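Here's the structure we're looking at; comments come further down.
When the chains are written out, they are named A, B, C, D and E in that same order, and each has its own residue count from 1.
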Amino acid sequence: MARIGVFVCHCGENIGRTVDCHAVAEALGQVPGVAHAVDYKYMCSDPGQQLIKAAIAEKQLTGVVVAACSPHMHEKTFRRAASSAGLNPFTCEMANVREHCSWIHEDRASATAKAIDLSRMMVEKVKRNVPLSTIRIPVTRRALVIGGGIAGIQAALDIADGGAEVVLVEKAPSIGGHMSQLSETFPTLDCSQCILTPRMVEVYQHPRIRLMSWSEVESVEGYIGNFKVTIRKKARGVDEDKCNGCGACTRACPNKRIPSEFDCGLGKRPAIYVPFPQAVPNLPVVDRARCTLLIARSKGKKDACMKCVEACQRGAIDFEQKDRFVTEEVGAIVVATGYQLYEIGRDQGGRKDLHGYGEYGYGTIPDVIDGMQFERLASASGPTAGRILRPSDGREPRTIVFLQCVGSRDPAKGIEYCSKICCMYVAKHAMLYRHKENGGRAVVFYMDIRAAGKGYDEFTRRAIEEEGAEYVRGRVSRMYRDGDVIKVVGFDTLGGEPFGVDADMVVLATAMRPQPGIESLAQKLSVSYDRHGFINEAHPKLRPVETNTAGVFVAGACQAPRDIPDSVSMASATASKVLGLFSNEMLEREPTVARVDAAICAGCFHCERVCPYGAVTHMEVKDRQGNVLKVVADVNPGVCQGCGTCVATCPSKSVELQGFTDEQVWAQIQAFLG
Amino acid sequence: MEGTATATGFEPRITAFVCNWCTYTGADLAGTSRLQMAANTRIVRLPCTGRIDPAFVIKAFERGADGVIVSGCHPADCHYTAGNYHARRRFAVLRELLSFMGVDERRVTFSWVSASEGAKWRDVVNGAVERVRECGPFESYRALAGGV
Amino acid sequence: MKVAYFPGCSMHGTSREYGESLHAVAEPLGVELDEVRDWNCCGASSAHASSRMLAVALPARSLALAEAQGHEQLLAPCAACYNRLAGARHEIAEDAELAGHVKRILARPFENRVAVLNAVEVLRDLGETIKAKATSPLKGLKVACYYGCLLVRPAAVTRFDDPEDPSSMEAVVKACGAEPVAWRMRLECCGGGFSLSRKPSVVRLGRAILEDARKAGADAIAVACPMCHSNLDFRQKAMARDGEDKPPMPIVFITQVVGLALGIAPEKLGMQRHFVSTKRVTSRGNGEATAPAAEVG
Amino acid sequence: MTELRELAKKLLAEGAAKVVIGWEEGPRGVRPAFATDAAAADRLVFDARCAHDLAPYLDRRRVHVAKLGRPAVVVKPCDARAVAGLIRETQVKREDVVLVGVRCGGVLADPEAGGTLSADTIADRCRTCDSRETALADHVVGTPVEPLAAPSRRDARVAELDAMTPAQRWAFWQGELARCTRCNACRQVCPLCYCDRCMADKTQPQWIESSPHGRGNLSWHLLRAIHLAGRCVDCGECERACPSGIPLGLITRKVASVVADRFGHKPGDDPAVPSPIGTWRSDDPQEFIL
Amino acid sequence: MSAHEDAHHPVPRTLADKVRAATGLNPARCYQCGKCSAGCPMAAETTLRPHDVMRLVNQDRPDRLMDDESIWLCLGCETCAARCPNECEPARVTDAVREIVAAARPDAAPRAIRAFHAAFLDQIRKHGRLGEMGLIMGYKLRSGHLFADAAAAPGMMSRGKLAFVADKVEDVEDVRRIFAGCAAHGEEG
């Protein structure tokens, strides 16, 4: 026979003012199975909790109902109290008579009646609660970091330095990400590669980091502490063990006219190439779509060119190489896949809601470039060795116009958010140009200057006050080519006049978007993403680097537009989360999980189809001889998050959700309605 | 409070099945915002609308409810990513089926109420109470118990 | 294809040649034009400046009539009519409350079912047919395709082409064997709405368009809007700067360009009705301009 | 008929199947037959009286059939949809069964009465059926048939009910369901009711009261319809089996139309197409949700 | 009705409210970037540019909009709408402002433009269609520009471009009913 204790809280006046708490306690005292019912001023206070603990001991209670505030407020508090008095914590429940009753009703009689109902419903539920124990699952102390940009590099190094092994997967031939393409960085104007390259080398040499470049995550199974990740190692065309990175093959390749991805199309590269001189690993990759030999082979023709093979003294070139799959077991995953730029005037990767800017002539006017292209022009290692020259004729531009918010803050073209970094990098570009081209004119069209950050506002002010950048507040309506110049048709909203500039070059500060393919990766990881494709954090303030899937963390610009300091901070935060997770032998989880009754399961697997987490597996039921009698569903408690969709879907009701069983729900319905 | 027509008027009895993350929290917010609403509902908290079985709704009517509310997270907001999408299909069918069998559509209210929509929860509750009031007590369902 | 045909007021007046040339090319291209019976003025440049409801209800009446005639598509060759009809259709579709008011005011059945087409998109989609039937390809003729404002804007309403970098008219010109030139003023407004009431504005705006077309080496400007046409054609002399002696720039309807390519006699296309001589254009086709092109009045 | 028998004999002779499940003449019209040898195969028939859906005999829980060995089953297009459902729901493996499709022009509303198929005698569900043979089968026999054009009385009845007030519909259904004796024949013949233990037999909690009275009867028929939403293949067996003559087809038909209208789904014979309840689209209609 | 509900269903009081009620557009979306004004073909001639109009709508300054002819100089070319990054559609907002302003002060528009619109609408009201000859004559009478372009008329006629007899809708009463219906609606709204 159940012996339930009911504890009605006045919450000072908060409940007591509208609900007759004493009457509630008295009414509940009459409910069969209730062994003890009292009301008290503040149940969550120490004396209040003592009251509960003492009653559990004295009255040998089997369950506790606290009629007080929302369980979101104090369920943990009271369960802990019940637990310390020797009761299973999951036999303690709360009836919400504050938020759901006293605060929203004025009539004392009906509020009291409702409070009695709510408490009775909880009593009936608790009568059917069973002791549950927290779920304990083992942890593999090894982390996967997806993405080898600055965020991924930082996360990998911090985790590895903390003593855990790391697998770092990068889809490009080299790690380094966008940061390796930058010239200088704001607000200090230190050289990007000078601060990044040592970290890249550190990754390469770290004994606990396994670097897999030119690789992508193929599939992810498992759950926190126990992920099994399959990684596709794309065919490089080069044997990693034999190659010593001498570069003979890239020099030998006759097809050197391919637009370089690293130089944003402003420079050229061969068909077998290392993306940039400081690449890590320093291994070339064969561009299979452009290699003369492979094109000939794909058309069934004989081998047309063997120059690289002939040049390689170690026999490392291997055209027969196929994609390989490796499986890694890890306990935590850090997503750090970074960003791409809004493709101004071009197809937006199949996104029909993004339209591009025909009015700016990008793609038709060669001297209209985007911010990353400017970085390459300004970079000492870039195609112009750091000289800012027009792509069209190689001339030094005397006037450069910079447009902020291209793609950003523009719902009409599809992206309404602020990309956060453009104000800063445009100021930097204007400064770099003014440094390099003495007397050149740098005109910046802006809407607002958003320079919140340490030393940021000072930086943009310096661009204006000391470096002579002309800031014009207004957007540009259109641009067109007129002979040698680009006519920029703008408006100075502060001066109240149309403002036109004849520019030699225009740099568009285009928006930041998540990497293409982020949706499919997010689906593999079961993490949610917003409509732009940015990975959703578990809580925007309090859990900024966790995702809604336990054990998967997020760092850098794949979560929202981020600059380098933000990305690095997030990366270190994920490392601390990962190391915190790894500090446990076993993980503990709330036992709100689904359980299948194998005896009645009909094996229709509707549950498997609806489970958002892939927690349902197939289990064979065998007789003593080992013959398979039937195949039934089984829920992996480590993966199950307890939504209960399977339970409602199961036609034969052979799945139950612990803590929210059919019987408990039924009892609550009946307790209210009779 | 009895769900029958009395001299003081008919006070409907309404069972609300709500998800823990959005609507329950939204209802909490209605409380913290002190938004006054009708006292006719009793909430049954479940983790997710995906957990809400059509049988719950039917059982509530069987036991004498005059109306039912089912409420959860807005599309794309589900804490469990897709429970509300599954629920939406399930309840689309249930609603039309109940109506076909003669249950007035006004007795069943479905809503998406997010954790920040305390005022919407108030409106949902008051609206449901009003609609059920128009329908009157669900005597015909209660009468089914007959000789049981 | 058979479509409802909404001529619009100017087809019977200032832009007779647009209507004439449209009819002349429709038949060989296999387009049957079924005039909307008892159509009314779309309200064009004035209704929307006075009353939103009127600006929507006037075109809606004609849409309702086309619907009653059993049509699913309606061709409005005049860019202004097209803009108003398509705009009304869009607003009614997007705003249920407005739709209710409009239906009440119309007091006739109206489901807003008819799609509104402009002449350029219809011709673009007939590009292959034009190419196949072009007996007098306009080889070497350099045409500046002028879209103006009403044809491609606003994007949510028009949708048939990229609003900032359209290519439909160029495609038609290419199909005719002529050569579209690259120029920058093709989307700028000519001020046609103020042709009567504010001449200095019109002169300023039109002049920029003519000058840019000349600079791009165009032999003619092709248009699909009677307002643009009468503005750039009729006001062209006024647009010339004092003492300036530039060759006149023929302003031709896109349907006239197609007609010439199909070998239709220029007078059947109304080429003699222009204020600016069209000789530079007609001399490219097989036919010679028969009517003397009068000087600008 | 000869074609069917010859095929059955061939399947048995070659060992492709150990039993051919089909129909044979019985004392009251045709009945299900389980032919394990040539002689029995020669007794197989197919005509418009063969209304029985034989798919339920593929259920491993029907031990007396299962023990006969690898089955071949004769299926009309509706029966094939049922088999597809069983495959979709992992009750049957496609490779474990030989499917013999018969070209079907519809079956009689009253197969026991016999007679020829006409616009008057055709079963109502066959009036709206648009499949004449199934793509799922290994073998298809019979000659191509033209469908009989006849308006569906059932659809007309659903429309009549839809036009009523809720109170009128309530009264109608209470009148019908009052006759339900909870004999479970509807459940027994349903090819997609195969659970080891039906929800209706669960006691803790008892979602569906088991004795025949209005409240439990309504719950049973509501939940049965919910469980079959998007899965019901419209084989019509529940209504045909009901000894009380309750028009269960109206309920399944209504739910099927809801599923078709809202989710664009019609149960078909392709097991790879998932059933609509258990999948979703982010833009599913939700006009009923506040 | 509580104050809270007031906020959701405001009675249009401010100019921005009225514009919103009439067009469904929310003028507050304008963040004053000036892209509309940069592209506006009439910006060279107006004192108030599209973004100024948006600003004054949001500032609830009908007086300043009324005291200036700028809003009447909008050509309705929609360049502003096409380029507006925040979907404000200044041209449609301007249309709505004209309607509001004209209702409050019928003589607010410059005479020539008023004359043109009046002549235009008058033609439609009379005939259901636009007789261009009638339009020109009506415009000249209303505007006082009696002899402007007079030289063009013979040229127009010789080219068959001016129809003296206006084309007419048969059921012209139906068109007049629409005018009446819209006017009545305007008064209700």
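Everything below uses one rule, namely that a residue touches a chain if its C-beta (ideal position, glycine included) is under 8 Å from a C-beta of that chain, and two chains touch if they have at least 3 such contacts.
Just so it is clear, the model here is predicted, and its values are computed rather than measured.
Common neighbours of chain B and chain E under the contact rule above are A. Among the remaining chains, those touching chain A as well as chain D are B. Chain centre most remote from that of chain C: D (centre = mean of CA atoms). Closest chain to the protein centre (all Cα atoms averaged), using per-chain Cα means: A.
Comparing chain pairs B-D and A-E, the larger number of C-beta contacts belongs to B-D. Centroids built from CA atoms put chain E at 49 Å from chain A.
In terms of their C-alpha centroids, the spacing between chain C and chain D amounts to 61 Å. For the pair chain C and chain E, the distance between mean C-alpha positions equals 22 Å. Centroids of chain A and chain C (each the mean of its C-alpha atoms) stand 51 Å apart. Residue positions 359, 478, 610, 649, 662, 666 of chain A each touch two or more of the other chains. Among the residues of chain B, those touching two or more other chains are numbered 54-55, 59, 76, 82, 86, 90. Multi-chain contact residues, meaning those touching two or more other chains, occur in chain E at positions 44, 79.
Across the whole structure, chains are in contact as follows: A-B, A-C, A-D, A-E, B-D, C-E. Note for the complex: chain C touches chain E at residues 9-10, 12-16, 38-41, 43-55, 57-58, 61, 95, 101, 104-107, 148-150, 152-155, 163-164, 187-189, 191-194, 196-199, 201, 204-205, 234, 272-275, 294, 296-297.
Touching chain A in their complex are the following residues of chain D: 60, 89-91, 194-199, 202, 204-205, 207, 227, 274, 277-279.
Residues 345, 355, 357-359, 364, 478, 480-482, 487 of chain A are the ones touching chain C in the complex. Chain A makes touch with chain B in their complex at residues 70-72, 96, 98-101, 103-107, 110-111, 113-114, 117-118, 121, 526, 528, 531, 548, 592, 610, 612-613, 641-645, 647-649, 657, 660, 662, 665-666, 668-670, 672-674.
Across the complex, chain A meets chain E through its residues 359, 405, 409-413, 447, 473-478, 489-493, 496, 498-499.
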